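What follows is a group of structures, each given as structure tokens.
Look at the two complexes coming up: chain A is in both, with chain B in one and chain C in the other.
== the complex of A and B ==
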């Protein structure tokens, strides 16, 4: 491995990593919002909306991100909706991630024993108070491990962003290999940068699980 | 004594299945009514109806003269302790007890905590206020659940087989607390399978079978000389006098 080459490539990969993290974070943030809304619609069995959410979830989970991106990037302009690569990447990731987050949050909510909402109700708490003080805190702590898995999964999924000409880590590696044939160095840096991004997320997740899994005593 | 709870012609169905049929009960202030009956007779459902946890299909229920409705303000007058340990697992004992008074009654937190400590002392759990529910025994959990219901100052307390899931040794400690409440003049409706306890605490026994009241009597009469065959038959299932190991 040529250390000279590694040094030269480092800033390029650094820039690409920022794009990967930036778009990943934005996409995940939106997918959390989508997931929360969808899971609440399902948990409270909102008529009609519940069916729509189901259709969305099946559509989103059972098609690959690459195809979703192609649809947004090449398909939507044909319907008169202009998209730029950045918006397309975020939208694609959010479309995919929303369904995963929705299912994670829903299972967390449904894992809370019914007797808790009944006793909250019997103590006079209204629906909102019951949700905020009794159901949500329990649901959050059971949702943490699958939630962290989703975040890691979605960050890795950003590797197909290169297909819509976003200069992320994958794009940079492929580009450099195509230009200079420094395959070993490029792939090495690619792996290293993915690890730099994902390992802290993974560790943070474990810490979070410990902190929230063992509920903090008191109020 | 005036009437606290009035149930008139209450009917409850799950789909086609009738669970409670034409139930009429009046509970006066300060009275302790024990509801007995075989499993699945509808006695727990009755308590759940009184606590507005179930929809009803007919009849009327009044608490202090006002109708019982889901989410109604007067539902604060009714408190309930459930069979399964229903303490909120993410909150410690003190937080479990103070949640409702602080959030629902908007009372001052410090003041509520003081009161909670006082009540915990009365049920012998002063040292447990910082414990999480999973660190408590079944009997301790139920005592906390009783305190949690009490602090809302309900006029009527409902107990739904609160000792059914407990080890025999823990049954006593929970029942002592309930007996203590009876001595203080609390109005209570108790569903239980502890016959001796029922006899000791009840002012009146109501037996339900197949969703209907089959007998209403004083505890003395009910346990020694019940009016109906059904009650006699039911009580016989609790004795072993007529059971012999060997043919004689």
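== the complex of A and C ==
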């Protein structure tokens, strides 16, 4: 491996890593919002909306992100819905992540025994108080390990963004390989940067799991 | 209308289905390789040898933390450059997906083995079962029940992941879709919508059916 080349490529990969993290963070933030709304709709069994959420979740979970991105980026403009690559990447990631987050939050909410809300009602708490003080804190603690797994999964999925010409880590690596044929150096940096992004999240997940992994509160 | 008519022109529909077939073939071969390797690795991971466990752990964590596309690049561009051999995109994909599938499968197997409470081994022993009999009649049947729905889910994930092979130049359904759209640029400028929608539906159909089967089995056996 040529250290000269490594030094030369380092800033390029650094920039690309920032884009990967930025797009990933934005997409994950939107997926959390979508996931929260969808999981509440399912938890409270809102009529009609519940069916729509169900259809969305099935569509999103049973198709690959790459296909979703192609459809959004190349297909939708034919109907007049144009998106730039950044918006498309975030929208695609959010479309995919929303359903994974929804499933995680829903199973977290459902893991809280119904007895808890009944007890809260009989103690005189209203619906909102019951949700905010009794259900939510318990649901959050059970949801954390699968939530971190989702975050890692979604960050990994950003690797297909290069297909819609976003200059992320994958794009940079492929571009440099194609231009200068320094395959070893490019791939080495690619792996290193993905490790820098993903290892801390993974370690944080393990830590949190040990710390808050008390799913049986109140048993 | 919206370029959907392009799908039914000439051999386009058959070509798209053949593309899907190529993707499914790669996933099927990879699954068939990764399940037995995954089972062996999972049993080793659930075992007691600390050295084997540590080595496996590093290997498995690396495979599972790297995006699959990075692994594809490592094998397709990396190993070919370093070792100077010649790998086609298809072979690289099968290698990568088998390694990845084996890592995921081993984690499922380890989880299934760990989920069996210790008292089952002890009860079996006190009833006079030999260790081999305990495994054959008590532990393995329960693990298999737990594992079959999870393995079907792994297959759907494998199929979804196969869409990535486009990025290393394998001709699969998405590549065929691109070719069809290009070829009909003049006559149907809106083909991108219809054709990509159709590809979306194809992947959905393949994965949704498997998901339903997995869910049914999970409900039945849980």
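Keep in mind that, in the parts below, the second predicted complex is superposed on the first by the 207 of 219 C-alpha atoms of A that agree within 3 Å, B and C clash if a C-alpha of one lies under 4 Å from a C-alpha of the other, contacts with A are read in each partner's own complex, and residues count from 1 in each chain.
Here is the rule we use: a contact is a pair of C-beta atoms (placed from the backbone, for glycine too) under 8 Å apart; a residue touches a chain by one contact, two chains touch by 3 or more.
Model, not experiment: these values are computed from the prediction.
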{"item": "Fit or clash between chain C and chain B when superposed on chain A", "value": "fit"}
{"item": "Which of chain B and chain C A:115 touches, first, second, both or neither", "value": "first"}
{"item": "Of chain C and chain B, partner touching more chain A residues", "value": "C"}
{"item": "First (chain B), second (chain C), both or neither touched by A:152", "value": "second"}
{"item": "First (chain B), second (chain C), both or neither touched by A:184", "value": "second"}
{"item": "Contacts of A:194 with chain B and chain C, given as first, second, both or neither", "value": "second"}
{"item": "Chain B versus chain C as contact partner of A:123, first or second or both or neither", "value": "first"}
{"item": "Inter-centroid angle chain B-chain A-chain C after superposition on A [Cα, multiple of 10°]", "value": "100"}
{"item": "Minimum C-alpha separation between chain B and chain C after superposing on chain A, in Å", "value": "22"}
{"item": "Residues on chain A lying within both footprints (that of chain B and that of chain C)", "value": "none"}
{"item": "Residue ranges of chain B in contact with chain A within the complex", "value": "51, 53, 71, 75-76, 78-80, 82, 84, 86, 88-92, 94-95, 98-100, 103-105, 130, 132, 145, 148-149, 152"}
{"item": "Residue ranges of chain C in contact with chain A within the complex", "value": "2-3, 61, 65-70, 73-74, 77-78, 81-82, 156, 160-164, 166-167, 174, 177, 181, 189-190, 192-193, 195-197, 199-200, 203-204, 207-208, 211"}
{"item": "Touching residues on chain A, where the partner in the complex is chain B", "value": "113, 115-116, 118-126, 129, 133-134, 137-138, 141, 215, 217-219"}
{"item": "Residue ranges of chain A touching chain C (in the complex, touch as defined)", "value": "58-59, 61-64, 66-68, 70-71, 74-79, 152, 156-160, 162-163, 170, 173-174, 177, 183-184, 187, 190-191, 194-195, 198-199, 202"}
